[in-house]
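Before anything else, here's the structure in question.
A, B, C and D are the chain letters, set down in written order, and residue numbers restart from 1 in every chain.
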Amino acid sequence: MKQRLNAGQITEFLNEVFPGAMDRFVIEDVSPMRARVRMKYSDYQLRPGGTISGPSLMTLADTGLWVALLAIIGREPLSVTSHLDIDFLRKPAPADVVALTVLHKVGKRLAVGDVLMYSDGEDVPCARASVTYAIPSVRNDPPVD
Amino acid sequence: MKQRLNAGQITEFLNEVFPGAMDRFVIEDVSPMRARVRMKYSDYQLRPGGTISGPSLMTLADTGLWVALLAIIGREPLSVTSHLDIDFLRKPAPADVVALTVLHKVGKRLAVGDVLMYSDGEDVPCARASVTYAIPSVRNDPPVD
Amino acid sequence: MKQRLNAGQITEFLNEVFPGAMDRFVIEDVSPMRARVRMKYSDYQLRPGGTISGPSLMTLADTGLWVALLAIIGREPLSVTSHLDIDFLRKPAPADVVALTVLHKVGKRLAVGDVLMYSDGEDVPCARASVTYAIPSVRNDPPVD
Amino acid sequence: MKQRLNAGQITEFLNEVFPGAMDRFVIEDVSPMRARVRMKYSDYQLRPGGTISGPSLMTLADTGLWVALLAIIGREPLSVTSHLDIDFLRKPAPADVVALTVLHKVGKRLAVGDVLMYSDGEDVPCARASVTYAIPSVRNDPPVD
């Protein structure tokens, strides 16, 4: 599918519609149906046992999929997550976590993809997720170049 | 199953091991294999469209299940979420959200349950979740009662 | 929501559009947003360890949700499962399995519900599932009542 | 991880412990943490609308993961699916379906992986699944070469 927005444009858009949303995240790479998003490490995400909290990883998965979707559909603030499931596989290191998203479908009504999350520098994932977004029927599509 | 901790004891324990965890949550009721937990409304959870954010509801589902589990297994800080899946059904009102958890199984290694979440005063859920916790093999079980 | 079809009408419809589909299933009860469906025991469902196979329980969950949905939307053959997730909780007995479905939402495009499955006579579930059906935009709604 | 069984050995084992299980499936390739399994097309899998039934795809996902797992853990009949979730993305063609499994974790107690399913010859998946197997504590590990 054709890509409408690049990493900088998506970051700008998310900061506009959801101020502060990208304080913890860096979009490292976007290509059609794919995105790589980094969640910066910070102490406040920790939970007992010294691991990064589940909700932080869920937020990362949700953000990773949203970034990949916005790259395809453009500046559309009203897409919402309709389903998310996540498996926590390994205790994440106290470090940044990198999320690799692959979209499997961007339909008229639903977009579905998988997200693998890695502690920075590791080659086995600390978590996997799949996420479905519902796309509004009437979109605020921007003029696309 | 026998209940080891009541609402006050669980709140106290969660605040000990995870300071601040309960700032947004109130345990309203706990009985064997069930819990009712309220997430207090606050503006910072909002996302575009004026709805409560998905990660806030995921955190509520995770907390609701944990509360029901701690009631059964006692002061055990090292249980961790191994799986969570959530369906977002309706746009939540800008209001408290109440989570009703039912545990279906508390085994030696895994606990599984469902969580239904309702905007305060509504009789249809805004989200449903199911959550699996992995329970450590060697538990720090406290003397009970 | 208003109920359009009763147990007998749903059985008849499923046998029409999907011959043989109900050979293994009995719709025991249907009420608005709820259904109870029994899967009859037969040896061929067994897998190593003497338990009923996972795919049999998945088929039961899928059928249970479909029955509850058809009761609401009427004779609509083109609704399709878009998501199913299932947790296998306990080894089922070599016996009938009864599925209790509760629908949480029947929207214009999606229907979502939970299914609890019990070995006949047991009071704890052997499996839980949640299922999403996609409902076609243009429906073949029959004259109702 | 080290691979204990090849495609032929896994097929032989599955036919031993679960006669008929592999009548519809061909293990096309196995490598450490990966498997490619083909489900042969047959008319009896069809459902209204002419598509391959959901339960057939769920069985394929379950089988694909099991094959990848057996390659790693060896002749162990008692591993059981503990969780499966599946998204149906596109109407499958009336053709074979090929499942590509990637295992993300094979731990002492749980194995987790993703399965992408493609109608034969297509380059976008008709379904995605993630599957968790519970591995028994005491294994019948064969002598490994």
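Going forward, contacts are C-beta pairs under 8 Å (C-beta built on N, C-alpha and C of every residue); 3 or more make two chains touch, one makes a residue touch a chain.
All figures in this text were calculated on a predicted structure; none of them were measured in a lab.
S.K.: What chains, if any, are shared contacts of chain B and chain C?
M.R.: Of all the chains present, those in contact with both chain B and chain C are A, D.
S.K.: Pick same or different for copies chain A and chain B, depending on whether their interface residues overlap by over half.
M.R.: same
S.K.: So, comparing C-alpha centroids, which chain is the farthest one from chain C?
M.R.: A
S.K.: Return the chain pair with more inter-chain C-beta contacts, choosing between C-D and A-C.
M.R.: Top pair by contacting C-beta pairs is C-D.
S.K.: Can you compute the centre-to-centre distance for chain A and chain C, using the mean CA position of each chain? Integer Å is fine.
M.R.: Computed from C-alpha means, the inter-chain centre distance equals 33 Å.
S.K.: Rounded to a whole Å, what is the gap between the Cα centroids of chain C and chain D?
M.R.: Whole-Å distance between the two chain centres: 24.
S.K.: Where in chain B do residues touch at least two different other chains?
M.R.: Where chain B meets two or more other chains at a single residue, that happens at 82-83, 85, 87, 132.
S.K.: Quick one: in the complex, what on chain A touches chain C?
M.R.: Residue list for chain A touching chain C: 82-83, 85, 109-110, 132, 134.
S.K.: Mind pulling up the chain D residues that touch chain A in the complex?
M.R.: So the residues of chain D touching chain A come out as 85, 87, 89-90, 104-105, 112, 114, 116, 124-125, 128, 130, 132.
S.K.: Inside the complex, what are the residues of chain B that reach chain A?
M.R.: Interface residues on the chain B side: 17-18, 47-49, 51, 54-55, 58-59, 62, 77-78, 80-88, 91.
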